[in-house]
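First subunit A sits with subunit B, and in the next complex the same chain sits with subunit C.
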Partner chain A sequence: MRVFWEMTKRSFQRYLTYRAAALAGLATNFFFGLLRMAILLALYGERPQVAGLTVADVITYSALSQALIGYLSIFGWYDLMNSVYTGEIGSDLLKPLGLMRFWLAQDVGRALVNFLLRGVLIMVAFELVVDLVYPQTAVSWLHVLCTLILGWLVSFGFRFLVNLASFWSPDARGMGRFAFLSATFFCGQLMPIRFFPDWLQGWLQFTPFPAMFNTTIEIYLGTLTGTAVYLALLNQLLWAIGLLLVGQWVLQTAVRRLVIQGG
Partner chain B sequence: MNHALTIYWRLLGVQLRSQLQYRLAFFFDVVAMSSTIFLEFASLALVFQRFETLGGWTLGEVAFLYGLEELSFGIMDMVFSGFDPSYFGQEIRRGSFDQLLLRPLNLTMQVFGSKFVLRRLGKIGMGLAVFLYAQTLITVTWTPAKLLYLPFVVFGMVCFFGGLFIAGATITFWTVESIEVMNIFTYGGGYLIAHPMHIYQTWLRRLFTYVVPAIFLNYYPALYFLNKPDPFNFPAIAPFVAPLVGILALLASLAFWHFGIRFYQSTGN
Partner chain C sequence: MITVQNLQKHFKLNKQYRGAWGSVRTLFSREYEVVKAVDDISFEVARGELVGYLGPNGAGKSTTIKMLTGLLVPSGGELAVNGRLPWRDRQAYVARIGAVFGQRTTLWWDLPVIESLELLQHIYHVPNGRFRQNLADFETMLELKPFLNTPVRSLSLGQRMRADLCAALLHDPDLLFLDEPTIGLDVVAKERIRQFIRHVNRERGTTVLLTTHDLSDVQKLCDRVLIIDRGKLLYDGSLDALQTRFGGRRELVVDLAEPYSDVSVAGATVVARENGRVTYQFTREEIGASELIGRLSQRFRIQDLAVREPDIEATVRRIYEERLLEN
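After this line comes the complex of A and B, so read on.
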């Protein structure tokens, strides 16, 4: 466990050195957030509330949909894949930490830096220009904290699995791009899942995608209350465990057939 | 000029042949490209049943606007790939741009020919599909004049966004890295004009009317094609300035580009 935290610390420091790149993305995220707000407000028109979301809720949703992009690596994550293609994975496998835990540690650092530099800052920027809603009680903040961590774990499990495709195919990048792209739609980052037709919402229940993003949003906005919050958190936890277990199993199979290029 | 064109076609041929070498990978890339547009549009189309209109515009009318913009942006993204600031910035950093300077050929033409991303066909195709889908939802009263003007609107947007790419590429002469803020105008601008302009806040709309005149590229032509009244009471000529705005933006960017080349200092040591 000590090794894990050491790795996390290193990763955090490493990503912190790229802060210029993280900050540069802020302006674009902010701008797209404003456009998303305008589109949702135009859809609402005179309606105060649709499918349980008020106007203030969807404004906050738009802000969060931009704030969490970096934290959850929503637009894609190819680090593990790249290490397979460059052969770096060879030395990573020698580290005193299983490969999955090694990448998990790396991702904790990456997620934290992105959460602080992009997530928090962008919410502050939005707070200056629009009216955002916030959880009202300490307990709801605690729920938000839990759902943020679990959502990140589910997202990591998914991203890890997608990257493992590189052990089998030399062109996993294209597949990855497709997978991450579809995920933005299915996890509710493009539109709140509540607005989708019922049949689609029904289907999405059986996928891990809403647990990455949409659940976090619903708990933050308070659209889920009472026991529903705990059920949603449990759902996230089960998806996280499931994906990580599958990832571990696929990884074992993958490493067995790994051929490291180079001389 | 003729010589430069011959070279351009030759460079283009090389690009196409190399990109078509890995058929399966190419196919995946095209599918991924078109899915970007498809999923983004689908997310909007799927929620329309709950909302009915977007700022008073029906799904068909929005699809008209959206398809036309994506189609044009896709064409631009393919033809102007060499100037894509994120790609061109790399060329500057690696010093590859210096190689082009050494050749006794038209520089601008060489950059044009240095990259041609054929997989953008996926984007263009999906843009066209959304545009055609719009025709099934709404009845556009097409007249010969409208049909004649349509390609000019596409041309205007291709020139305009191509100009933004060139301007972004020129900035990398000084900054080396492509500057992220450029994305607000290129991709952000594209996304912005793919939706009806009257839904935006006043300051945002004014910015994209008077500073960056993108409102005339897609929104005003669409008002004309769809016979919709102009909510901002611009002169009646407003829908027809799209190609002019595009050409002016492109010419201004090219002037900036030539200015930048004169001040270019290599990154080498």
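After this line comes the complex of A and C, so read on.
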């Protein structure tokens, strides 16, 4: 645990050194957010509500979906892949460390920096120009905190698995791009899943994508209430555990393959 | 410490066919070629030895090192370090070894050196007192102090290498792997690193396996060298013995004060002569340098002279090129 904490601390420090990049990302995310709000408002027209989301909800949704891009690394994360291709993974394997724990600790630091620098700041910026809605009670804030953490874990589990493809393919980047693009769409980052046709919403229940992002939105906006909130959190937790277990198993297979066949 | 017996590593490469039709055939072909990267190698390294591991590119050096560090599983033969099989329990095994690969760093690129070192303390579970003691020692010997708080990306190559050496030794490993630890460094930096390696080997008793293309590293550090080529171990012994066996001859260059018509001398042969400068070749077994000089000074008036030792680089180059060691 101590090792994990020490790694997280340094990863946090390390990502803080990329402040300028994070702030540049923030600016981009902010303007795209405004653009998306304008489009959604145009689509709403005179209607006060679409698929259970009010105008204020959908504005807040747009803000959140821009604010969490960095935190969840929705558009893609290739660090593990790169370490396989550059051979850095060799030095990591020479240290008495579990590889998954090592990357998880680093991702905590990365996610925290992005949450604070890009997430929180961008919400403050949006608050200044549009009307956002907020959870009303302390308990709802607690739910939001839980769903944010679980959503990040699910996204990490997914990203980790995608990156493991690099052990089998000499160029898994293309596959990665496809996987991340699909995730962006199916997790509800481009459009709330409520707007999708029913049959697609049905299918998506059987994938981890909504648990990365859409669940967080639903809990934040209060479209889920009562026990539904707890079921949604449980669903996220199960996806997180499932993905991490599969990731660990695939990683072991990958490393075994690497040490037997050579890199 | 290290026991290697009939060690083998074979890689299967899918057979590649030529041409457009060939590439389709390649796709469906189940045929493959076996590349014997390491082919039946045996040696032992005792605790406290400092051994050089030499060979041309593609000889199988890094494959051997990868097997010794647990990154590759052998295809055959036996391999044990400290009685352990390196790949069996990776985390437990690597906790007792250290490694520096000159071409890449184990330190975190964006963080100050000290941060990486302290993180390694936690990763290897080094007790605080021991860590402080080791760090203090290495700090002085490697002169780390001026750049401990500098991010690794801003270090010069020499500084980075010193930091990496420190990082590899903080947990008191029994066995240290060094791969090209002086590559790209200037003469002063090389010398400092060599002194440090020697110190670690002698004072701390760390067993060192040094892979390098820089023969002066080996010449100054290693009592024993292993030479490998095409997956086979060709030589196991001292560099001096290798030199006597295959080495060029020693040379004595003499500037004569007066012109002589006959400059020959017993025990040496004249190989070059221009103006007053004569170059003799001789071997260690036949005649010592001082005796030869004595004979010459009896016969000639000598202005100046210099002994040239045979060049180890040239010897090893000949061994690689002419395959002198293969039967």
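Note that the second predicted complex is superposed on the first by the 258 of 263 C-alpha atoms of A that agree within 3 Å, B and C clash if a C-alpha of one lies under 4 Å from a C-alpha of the other, contacts with A are read in each partner's own complex, and residues count from 1 in each chain.
Note that contacts are C-beta pairs under 8 Å (C-beta built on N, C-alpha and C of every residue); 3 or more make two chains touch, one makes a residue touch a chain.
What you see is a predicted model, and the numbers here were worked out from it, not measured in a lab.
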item	value
Contacts of A:3 with subunit B and subunit C, given as first, second, both or neither	second
Subunit B versus subunit C as contact partner of A:257, first or second or both or neither	neither
Superposition-derived comparison: subunit B or subunit C, residues of subunit A touched	B
Which superposed partner A:28 touches (first subunit B, second subunit C, both, neither)	first
Which superposed partner A:13 touches (first subunit B, second subunit C, both, neither)	second
Contacts of A:94 with subunit B and subunit C, given as first, second, both or neither	second
First (subunit B), second (subunit C), both or neither touched by A:195	first
Interface residues of subunit A shared between complexes with subunit B and subunit C	none
Subunit B-touching residues of subunit A, taken from the complex the two chains share	24-25, 27-28, 31-32, 34-35, 38-39, 41-45, 47, 50-51, 171, 174-175, 177-178, 181-182, 184-185, 190-191, 195-197, 200
Subunit A residues touching subunit C - in the complex, by the definition given at the top	2-3, 6-7, 10, 13-14, 17-18, 87-88, 90-91, 93-98, 258-262
Subunit A partner contacts - residues on subunit C that touch it in the complex	9, 11-12, 63, 66, 69-73, 87, 90-92, 94-95, 97, 99, 101, 104-106, 108, 110-111, 115-116, 118-120, 122-124, 151
Subunit B residues within the subunit A interface of the complex	22, 24-25, 28-29, 31-32, 35-36, 39-40, 42-44, 46-47, 49-51, 53-55, 179-181, 183-184, 187-188, 191-192, 195-196, 199-201, 204
